Structures are given as C-alpha cells and as structure tokens.
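Just dropping this structure here.
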Amino acid sequence: MPYIHIQITDENVSTEQKKQLIAGATDLMVKVLNKKPEKTFVLIEEVSLDNWGIGYHSVRELRQLES
Amino acid sequence: MPYIHIQITDENVSTEQKKQLIAGATDLMVKVLNKKPEKTFVLIEEVSLDNWGIGYHSVRELRQLES
Amino acid sequence: MPYIHIQITDENVSTEQKKQLIAGATDLMVKVLNKKPEKTFVLIEEVSLDNWGIGYHSVRELRQLES
Amino acid sequence: MPYIHIQITDENVSTEQKKQLIAGATDLMVKVLNKKPEKTFVLIEEVSLDNWGIGYHSVRELRQLES
Amino acid sequence: MPYIHIQITDENVSTEQKKQLIAGATDLMVKVLNKKPEKTFVLIEEVSLDNWGIGYHSVRELRQLES
Amino acid sequence: MPYIHIQITDENVSTEQKKQLIAGATDLMVKVLNKKPEKTFVLIEEVSLDNWGIGYHSVRELRQLES
C-alpha cells in the first residue's frame, strides 16, 4: 500500500533512470517494510528549474551562477 | 474547505471527464461532509506512463506487456 | 491506478463518513474513467484548524468569528 | 528544512513572479521560524484551468462565465 | 485559487507563528499574483523529526549530533 | 534537490525502519541521479488505517476481513 512521490528537477531524466527509480523505491518498501510490490505506487514528478527554489533563488539562477 | 488532489495516468482524459471528476468529487464533499462547494478545491494531475510505477514496473512497461 | 488525496479540516469526521468518502471517490474513478477499484488509492488527511488558513486567517479564527 | 509547495493556475506566471514567490516564501520561513534558506525548498506547480475545480466547475468554465 | 502546502519539522511551532505563516503566505499570493485571499488555501503540516530525512539521516539524528 | 514523500499505513513502523527508508531513498537518488544527499529531503507520512482506502474499502476493513 505505499505511495512514494518523487519530485526532481526536470533535467533530462532518462526512461531508463525512471525505471531504476521505480524499481529501487519499490524494492525499498518490500525489503524494509515487507510491502506488496503490486500494491506500491511510485510517482515521479519533474519540476522545471524555474519552479524549484532553494536558498532564495530558483535552481535556474543557481545553475547559471555555477556555470 | 476540502482540497482533493486526484492523480491519474496521462491517457487522454477528456475535458468532459475532468468536469465529471470535479463535479463528482465536489458533490461527495457536499453530501458526506456538508462542505461548501465554493470552498472546495479539486485538482487533477495527469502523470506520464513513464513516471508512474506499480509492482516494480512503469505503467508504460505494463501496458506494453498487456498489449 | 488513481491516487486521490483528500484533505479536510480535523472536525470529528466519523469512521462511517470516511468509509463513504473512500467508496464515493473510488466509485467516481470507476464510473468516469473505468479504473480498477483494487488499484485505486484514496487517502484522507485531517488537518488541525490552526494549520489550515483561508483569507489571511486560520479556520480556528474564522470559526471563532462565526460563533 | 521547510518544504513549500505552491499550486497555482497555469495563467502565464512570469519567471520574475516565480522568483518573487520563491524569495518571499523562503523569507517567510526565515523570519517566522528562523529556518536556514539553503535548506528551504519552494516548489511551484502550475495547474491547467481544466484541471482545477471549485464550486462544481473547472476554473476554465468559471473564467468563461466571467468574461 | 492558490493552494500552499507548508511542511515543517514538528518543533513546537506556536499558534501565533502559524497565524504569521498563513497571513504571510496569503499576502505573498495577493501581492505577487493578485490572487483573492478568500480563495487562497494555506496548509501547514508538522512532520516528526524521525520522519524527516536529509543527507542520509533523520533530523532527530542530526539534532543529536549537533547537541 | 530531490524531495521524496513516502506515505505508508500507520502500523508501528519502527524508528530503525524509518532510518532505513530515509537512507535507502537517499541512496537511490545518489546512485541513479547523482544527487547530493545533503540536498535530498525524505518525508515519511504514516496514515491511519481508517484513512487509507483501496478497492472501495478502508485498510481497516480489509485487515478485519483478512483476520
């Protein structure tokens, strides 16, 4: 019955990586809490760099400062 | 004052169906909890098949296995 | 596969009402979107009146103004 | 450590306005709760007018009635 | 129409501070996006220190390391 | 920058298990997406059995049917 909501920045996450996130998060529930995989939801949400802020700035701004 | 967040897979849900989901969810709050419809939020979020996992696999993979 | 998250104020919602919310929300997904009930999650979250705000005030404050 | 999730209707919110929302929400946590800005997440989610309902109707419908 | 969900660690946040968070978050929506306060929801969720993790550890563990 | 929200039924999850969920979810982000652990939030939410529904019924009802 677990529901896992993963929010990450929208930076070209591949389909393969998404599969790994889904499998890994499901496996974590199975191993730690003995949950049923067929009743475990994993949702991945990709958030635009303009829409994610940390330390007063958007990630877009921070990436520009870094580069 | 209810807030209802509906997450569904992104599979061509029509505008008409969204209206039914909004009306139905609102009506549920009015009928069961006597809430005010004008203070009831319903949000529908459509999630890509690659971004929704169940039973170790993405829904995309499961749909391919089914077809 | 739907996931429905219902947030309501914590005002003595009975177990029976919760059953009705779960059944009603599930039925809405089945009827409007033809979803499978055994793969439909409904989560109800009850939020303290001090922790829910609308129009600059907490619901606690608004309830006190109303009474 | 705060996490602030802001959901708003998808109505051409500018990048500048998003910066103000991120800075303002972060500042609120710093001033009221003395939180560390570098550990404060602010996420902005823009929701289609068809996907946001209030008072039995979608915001799209309400905007059409208003105009 | 904004919905703002604030998640913070459960560390004795006072009712007065909650009022300030509600008023401040609402004011941010009014000032930046010209939203109607009576249609702006602010929800505060207080999360146990054992249930919030950062950098591989729960906040409880981190607080113990700090003290 | 990832934010991972884990919702599970409130069934006596131990502090040790919570530590494993936090470490495991963080490690998944580090390994799959090369994210920084100190900027990865993991939040665990424990939901009452009366407040979680699947297949038209609350988990409480389902547990009673199973026993």
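Labels A, B, C, D, E and F are assigned to the chains in the order they are written; within every chain, residues are numbered from 1.
The working rule: a residue touches a chain if its C-beta (ideal position, glycine included) is under 8 Å from a C-beta of that chain, and two chains touch if they have at least 3 such contacts.
Per UniProt, the chains are A, B, C, D, E, F = Tautomerase.
Small disclaimer: the values here were computed from a predicted structure and weren't measured.
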Angle of the C-alpha superposing rotation, chain B (Tautomerase) to chain C (Tautomerase), to the nearest 5 degrees: 180
From chain D (Tautomerase), the most remote chain by mean C-alpha position: F
Where chain D (Tautomerase) and chain E (Tautomerase) are represented by their mean Cα positions, the distance between them in whole Å: 14
Centre-of-Cα separation between chain F (Tautomerase) and chain D (Tautomerase), whole angstrom: 26
Gap in Å, rounded to a whole number, between the CA centres of chain D (Tautomerase) and chain B (Tautomerase): 20
Residue list for chain E (Tautomerase), restricted to those that touch at least two other chains: 1, 3, 7, 21, 25, 41, 43, 52, 54
Chain contact topology (line, ring, star, complete or other): other
Set of all touching chain pairs, with the criterion as stated earlier: A-B, A-C, A-D, A-F, B-C, B-D, B-E, C-E, C-F, D-E, D-F, E-F
Chain E (Tautomerase) to chain D (Tautomerase) touching residues, read off their complex: 1-9, 13, 17, 20-21, 24-25, 28-29, 31-33, 35, 39, 52, 54, 59
Contacting residues of chain C (Tautomerase) [partner chain A (Tautomerase), same complex]: 1, 3, 41, 43
Footprint of chain D (Tautomerase) on chain A (Tautomerase) - complex, ascending: 7, 47, 50-58, 60-61
Touching residues (chain side chain F (Tautomerase), partner chain E (Tautomerase)) in the complex: 15, 18-19, 21-23, 25-27, 37-46
